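First the structure, in the form of structure tokens, and then the observations on it.
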Amino acid sequence: MSLPDVQSWPPRSRFKLSRVGIQGIRKQVFIRWPQRTVQLIVDLDVFVDLPAFKKGSDLSRNSEVIEEIVEQSARQPAPSLEAMCADIAQQLLRKHDYATRSEVHAAADYFLDRVTPSGRRTMEPYRIMAQVMATGEGNIKRYIGVEVMGMTACPCAMETIREACGRELGMTHNQRNVVTIIMESRGEIDADDLIAIAEASMSSPTYEILKRADEKEVVMYAHQHPKFVEDVVRDLLTNILHKYRDLPDDVEVVVRSKSLESIHKHDAFAERTTTIGELKN
Amino acid sequence: MSLPDVQSWPPRSRFKLSRVGIQGIRKQVFIRWPQRTVQLIVDLDVFVDLPAFKKGSDLSRNSEVIEEIVEQSARQPAPSLEAMCADIAQQLLRKHDYATRSEVHAAADYFLDRVTPSGRRTMEPYRIMAQVMATGEGNIKRYIGVEVMGMTACPCAMETIREACGRELGMTHNQRNVVTIIMESRGEIDADDLIAIAEASMSSPTYEILKRADEKEVVMYAHQHPKFVEDVVRDLLTNILHKYRDLPDDVEVVVRSKSLESIHKHDAFAERTTTIGELKN
Amino acid sequence: MSLPDVQSWPPRSRFKLSRVGIQGIRKQVFIRWPQRTVQLIVDLDVFVDLPAFKKGSDLSRNSEVIEEIVEQSARQPAPSLEAMCADIAQQLLRKHDYATRSEVHAAADYFLDRVTPSGRRTMEPYRIMAQVMATGEGNIKRYIGVEVMGMTACPCAMETIREACGRELGMTHNQRNVVTIIMESRGEIDADDLIAIAEASMSSPTYEILKRADEKEVVMYAHQHPKFVEDVVRDLLTNILHKYRDLPDDVEVVVRSKSLESIHKHDAFAERTTTIGELKN
Amino acid sequence: MSLPDVQSWPPRSRFKLSRVGIQGIRKQVFIRWPQRTVQLIVDLDVFVDLPAFKKGSDLSRNSEVIEEIVEQSARQPAPSLEAMCADIAQQLLRKHDYATRSEVHAAADYFLDRVTPSGRRTMEPYRIMAQVMATGEGNIKRYIGVEVMGMTACPCAMETIREACGRELGMTHNQRNVVTIIMESRGEIDADDLIAIAEASMSSPTYEILKRADEKEVVMYAHQHPKFVEDVVRDLLTNILHKYRDLPDDVEVVVRSKSLESIHKHDAFAERTTTIGELKN
């Protein structure tokens, strides 16, 4: 006896859908970057479009595609998170033959060795992201993203206090800052570089282990580089342009800085959505 | 002695910014709908753009604008959440005279009386949202949104079990479903209508208090109206088109259905981004 | 025809249960404090115990008890959040006649007027909580809690930098701090007082609107009152003892300070669980 | 020049603190269970107590202890998550020589192979936890916990509909359920066993990939095993007692079932806090 295929029934109404899929799938995957192989725990969302004539998208195929490519990464690690997402996106189009478009979002915790000002080694946590849209074999857009915590010291309060108290004092409010960079990638962009750019663009990077001498250095460095969220975003753009000036003009770039203001209960935020070409002009 | 105005200093780099503002401001506001005045606790995010020649956006002006309009709502309640956001958006453009664009996001818990199948009155919680973009006096785009919980029963498992076990059984997996509707509004759209459309488009609305007879009715009704997330989205579109067919063709519409699948650890999702005009064709 | 009462069936196994109930009920309630009547949006969790001989707790009764007392608050506002929770707890014991114990948790956003150093009025957001356990008529324990954001400036980095750079500099890392106070209340404790104690115990309160002169004052005040999370907790205890020294010795007290460290990606935390009597010794 | 040790200064007030530490440290660690070595990404909170005479707890020592033991796990994987936490707890006591008590909380995503009813292999996500309290060398309490998603089908609605419609129909509302088990462990408890007990105690386990025949089996199985959250907790206790009857009487046990009710917007909840000895009586 064959089971009824309700998914293929005609729908009651004639509307196509933009995105149908599954969200919140968590998987262990293996990535082989040039320097090292890492295991990531990835949160995945995957979607395809659905034409007007088809009732259901058969969501179990999405799980199968993910499972197949995740298993493959255990045997042969993917070259990057965004490459793995591109594989999933293309395989989704093959399995859902009615679909004209697929979309894959991925995000994972990620760790890098860092060295504190006094030379101590620490391992710091980050978040890396990938987003891929496929509209046919080889017709794929890939985005790579990072989320990085650091620190900002406010230039306005510093200057106000300097004026009011004489030139000596450098005190100001400072706080945790979260930078996000998302860049379109055609294979040339490494998440580690984006993380380095993020850390270089705040008032100071932050570290898990800071003994007293280190703490002094971090605090003084941050006060020597006071920045608004606006400054952080502009320094991100400067550093991205310096590193990726030779990429094609239409490569898309989104950068954000969010500051968990120490003097307010709300956050400060700045963002630029642009392209490499726009930044060069 | 006048304090230094660091915000107005020239920035080190020449990049304009797309959005600069504050996030996570929580306020009590008063809204007078035609039928009743309600107090809402609103989470607000507000932004303006920043030209290349200006270092900082002077974020304290944003707080002042919000405070001013929130206080005004205590004396004279705003006619709707999106009207209040439009006031904020326009006032932001006046206070940040360099800005060409402002943006306000708002979201709040919201409650409506409902009647269960057996006639019991309950008060149900919802979420309402507004989003406004202003690019000059009178040049304003307003969006109104709702988030509504309900229930879906799966038509595929129901049919498979019917085939396998004979025609009698209606059992299937069912689960909590979250519908989101966002519509561009030029003043004609009432959040209560969007909530009613959302509840009518799932397999069944849900209720806080269900005695045994009510529970039976809700469960049977949901099983008589089995729906995929795809079906929910299409029924949302049908109901929106029925209600808002006479709105201008370029009115934007986004609808989503997310199902907290009872048979999976992940969620199912469907979405359509469209316009009233597209839906009519 | 009467519907089957499955809840009253004997269970398959003979275990009693500690807590059975419902979580995440959101309600609008009205509270009349001596000075003013406020509307709160409250998140409620309610529980009773369940004896070994009873299969189900009939959870719909919980919703009915909540609805009844919430509606009553619309007609006649409750004198406090914890008084309303005590009403719910006692009514739960009456409706679940097999239960020997009931428990109610409540939390709500809350707003107070504040004045910045330069005299500007702002409205600041807080979180208030109540927790009530009833083991019979009149046998009730009530807890009242607050969650308050403010600021800490680190005394260690300040001193290290002072030593290294000479006596002039007061710079240090500072950050958002979240204080929690939970106190057993027999009717004598006002949430507003606990919020005032919380704000007085950090390096500085924080404000939504700070113009330049205000910002300077807040930053300088925080640097003149540098505190570890350990110091914040001890100052909380000192201030609580000063205010509530005459309360009975067995009144329970929990205080916490969590610092969203600006120089680290993790948080610092300190806590004391104690009684008024212990603090006096 | 030696830097000032502000942490060791006498505090202004004489209160001891219950817990001082750091929260939200995220680390990659390696665990060698008998069958296999896994890499986990662990969220850690660590605390010690602080005597009245000491101003600060020197939180950087906590980070150092964590780093040291995490690094050690890369060279020689720990035998279990709770064993690693016990190492950290003991090392905290050594490094903070004034402390009489240390506490470590850990939680991590975790994955196991499962087989669907029709024999398809899937990898399912879980959450494992450990909690350790040390009050001296060898004086250590260890807790091991799991959080497991599955499914419940309501026996009450099923019976009501059966009565109302005749004996044929088995339909009822069903939904995602989250089970938590926490057990004191003296080395005898394996997280995999607790996960198996959790899955066996709900109406049905759930799976990431379910083709139509599998979906039918899961739905029918759940309807053949209808359970309230109260039933889930009792079945958890029965299964725990069956497996761990020979453990000492004072071994502590906490079990919880939370149901994301499909017919309500709120959750249902049941819990038992007990010991193996109590369960045997």
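Each chain gets a letter, A, B, C and D, in the order it is written, and its residues are counted from 1.
Operating definition for what follows: a contact is a pair of C-beta atoms (placed from the backbone, for glycine too) under 8 Å apart; a residue touches a chain by one contact, two chains touch by 3 or more.
Note that the structure is a prediction, hence the values are computed from the model and not measured.
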Partner chains that chain A and chain B have in common: C, D
Of A-C and C-D, pair with higher C-beta contact tally: C-D
Copy pair chain B, chain D: interface residue numbering same or different (half cut): same
Distance-maximising chain from chain B - centres being C-alpha averages: D
Separation of chain A from chain D, taking each centre as the mean of its C-alpha atoms, in whole Å: 30
Length of the line joining the C-alpha centres of chain A and chain C, rounded to whole Å: 35
Distance from the mean Cα position of chain D to that of chain C, given in whole angstrom: 26
In chain C, residues with contacts to at least two other chains: 3, 25, 63, 125, 156, 160, 164, 208, 210, 212-213, 215-216, 264-266
Residues on chain C engaged by chain D in the complex (per definition of touch): 1, 3-4, 6-7, 11-13, 15-25, 45, 47, 50, 55-57, 59, 63, 155-156, 159-160, 162-164, 228-231, 233-235, 237-238, 258, 264-274, 279
Chain C residues touching chain A - in the complex, by the definition given at the top: 124-125, 149, 151, 156-157, 160-161, 164-165, 168-176, 204, 206-208, 210, 212-213, 215-216, 218-220, 222-223, 260-266
Residues of chain B that touch chain C when the two form their complex: 3, 5, 25-28, 39, 41, 60, 63-64, 67, 70, 109, 111, 122-123, 125, 208-213, 215-216
